[in-house]
């Protein structure tokens, strides 16, 4: 039997990711379509504590589908990790008779949601939203596809100038614990090499690879460096390489936070819409403590328990092998 | 035991699609990596007949990963449907000791390849390349993701001017037999309605939907029309609607061939690279008369037989239902 | 001595153009900086009559600089051409003590503003905003630069597919009375030919040009057609050409209203900001019945009288000659 | 009387800039149109010395109009500063009867060209090509407009994430000696403040400005830092500010070399085409030791002497004042 979910709130937490607005729009409109009262919580868990909870209707989410960032904003919130904070949050929800909560974010977001749901019996659904694509239970996380496109557009521009000058470029991309962005963008940009947090690549191997490019008359080389790799940032690596390999002029670019922004790609708009739509439908059908995710071409549920336990992204070794072959 | 595949040729046929160059690059370099001699055939099957077959090395495919179109060009070829044409094609391949052929294209391309392979014992692998995403055996076809992004970027621009003028826009997108592009871009652009070749939508329902937008104070409306829908093109539909619903100023845009072009998205560059890489690896391992495709996050084989027999894309009814809910 | 301009209103009228929002932002903030009360009029002159006039502060124009369209919307207004309509408009302004009016638009907009200003003694400044770049007194009009970029990005995509298929494309761009967009985008896209409203190009000459491209081994040809040329639209021309020249497969694209939208280019954002800033400063200094425009690298005044009298854009014959030379 | 210019060579030197390829295309085709033999010199002055001088025809420059970088490549060349180097360069030109030389680049490029032309009587024309827009005699230099667009697209993305987190961003843009890019992109992106090499802005003033944004409820702030400003790079400034102003979370982005790349904007494609076309026409008419430049809407000559003597870009104080007003 369908539980008596009356009012539903949504929040975004952790780093923002393109497609979050598409997801918020889908959540609000699907809830309203089913006759629920819908609320947006500002600044993640902080808004629950600060009682910054806003009633939303279908027009509140007009013209946001194509926008980067999140209209609900996001913030870190230490207070929500304390019992006292959670207690206030619960009272604020209860005062509005909100009994369903949808959280969009990553690991940290889900950990808080799980504890909160277990403690107060609020029905909770998680939506995987992070550009890092490092969550278990969804082939792709919201924002990842857009981030890949943003990064390769930047590298395409850098390739123009690299080719014109016979240069070697080190480009640092996001991904402190996960090399997924680095590996996939290395393939998509035709990079000559990639340094990942999960793999130890010796500098010697890197230099051998670069030298072989010189031998086969490559006019420039691009190395993608994941911010979490063991040699430090792109600047440090560039210096170490330069000492032993001085064929090209060497330059470094740190792409930084522009990787988080931008209008979401079609893929992320569709994914955000589907995840938001399903999150509400599943909540209404009685699901709780679950994450909605994309597997193959379908939306499937994974328990938050399992998503958090087995959250580590497995590095795709076959893709890493492929980058070596394709950059000969 | 590994067959004695010595030389491999690749061609593109049918409509061009973004990502074909990424795939060609992967095919040539993977073959060379494995010590094979590699050839590119110009203008599809026509080049087989015209003996327009060019030896390629790793540098022949430098700087093409990010380019739209196909450096091998593509063309329709009636002569290849005749026995005489096939005979000449075979002799041209034989003269170069080419015993493996990779064809990138859609249904028509695969039909020719299958007949050719069966008749002359050439080992054939197909790669699904079409913006229509209407092939069985691959969740996504090469070029589709880029086409979605191209279309929604165009609609985003049209939305600017639609909002500024309180206008109703009919936008015609490609897909003569398949509404996949129309349906997905309707979701990704927040269109108010979509007309598909697979579904009969009465004009009355369309007008009811548009009227409800007026009632809930939408400042503009966008209707996506698939070129293959039963009411004719976007111009015809706009006229029929205008006769019965005159709230907005009405405009029509036919996106046309710009949907086929453009630098491939990250998704299509990675997909093209993976499909090309696998096509060569599978060919070398002994596969023939197979299509490589993406299922979930893995590359899988489907026989050309099956791909051609069950080729129809199934319209995703749940996504169509979702467009109605999300555009309230 | 400085006149006692107290309150200032701004409206956008005619076709919308990218950069209008940048200009509105500059107007509102410059006025507030100088201590004036600022108002936005919705839907052009219609809003004056409907009393749809909204007080605006510095935050009302946050986050609009980069947006296409106009937040004030625009509309045609027949009632403002009548004395009765103007009378109501004046009363609505008077009730708010608005004595300065800035209008952003083209010829039609300025004609209305001039008559209104003369009749009721309202101080009026015009800002040239149209993608057609056909106004006297400003080297560039607001929105034109963005439209050029939008068009050439579309043509770049079409060139991909044209090259892949050895095709001839006819692409219709906006500009009913002025070939400025067509001529400039023909140069910027390397088009083989361009048909303009101001020039009679015989079909024979066009075919000779296309034939010479075939002779010098061009793999595709692109012809830009201005919507106002004498042979009718791109479809008609394509048909006429096809009858006499059948070397290539022929396709047509009508770019339509996507040319009006999109995030404004840097050029248009800076131009819009400068024009808006100057419009308010000049109004406060006592200017009236003037248009602000860019000449060389400076903002200069032109009387509305002169701007309207000598409004015709002169076709740049040297640029037309150049397109012939550069497309050999 | 027309001098007997027979053969013409073109080279690009110094930093590459978008639009150089459009200019090269125009030069080659205009020369061929006038019956001259045309040559491309690889890697700037180095190619003159290395005799890396290639005959070019109309098809050599097909499909490059829309590409960033320079197909002729560019490099620093110390040897050309020596008499011995110049002597070899001259002999290489003489061997091909090249009596006209067009150089595309900035100050350093023109200095070398002037000395070479004076010494050996080669007819020399300079084309201003640099993203810095810091040359005398041209309102805009080739590549500057594209760089502005590239930078503001990056900042638009960063604004998304800045708004979502209430953050303060410091963004470093190119321009060691000239704040032109920084100032113009600050206007075009709505930055709250800008630090320029030409101006001393006290940190105190910067903090006052940021505090006033907090007071008027700005949700984020962006400060553009020109790489040549007196406080050091963006990292140093961010640290200094953070010590005294801790309202926002602070982040830094260094855009780096992506600012040099990318497909040229319409403006730069047209500018490059016009400058190249005029350079050849002027050379054939007898001009030498001149730079072609855009003033207003016309191409005008400036002597290299004057261009080098008075080369300093004058900071536009009125635009700087405007950035303060518009970011209230």
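Every chain is named by a letter (A, B, C and D) in the order it is written, and numbering of its residues begins at 1.
Everything that follows uses one rule, which is that contacts are C-beta pairs under 8 Å (C-beta built on N, C-alpha and C of every residue); 3 or more make two chains touch, one makes a residue touch a chain.
All values reported here derive from a predicted model rather than from experimental measurement.
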Among the remaining chains, which ones contact both chain C and chain D? none
Provide the labels of all chains in contact with chain A and in contact with chain D. none
List the centre-to-centre spacing of chain B and chain C in whole Å, with centres computed as mean CA coordinates. 36
Nearest whole angstrom, what separates the Cα centre of chain A from the Cα centre of chain B? 28
Here the gap between chain B and chain D, centre to centre from mean Cα coordinates and rounded to Å, is 39
For chain A, which residues are shared contacts with two or more other chains? 156, 159, 163
Which label fits the chain touch graph of this model best, line, ring, star, complete or other? ring
In the complex, chain C residues that touch chain D: 25-26, 29-30, 32-33, 58-59, 62-63, 65-66, 139, 145, 148-149, 151-152, 156, 159, 163, 184-185, 187-190, 216-218, 263, 265-267, 269-270, 273-274, 277, 295-297, 319, 322, 325-328
Chain B residues within the chain C interface of the complex: 12, 16, 18, 67-70, 73-75, 150, 154, 156-166, 169, 219, 251-258, 260-262
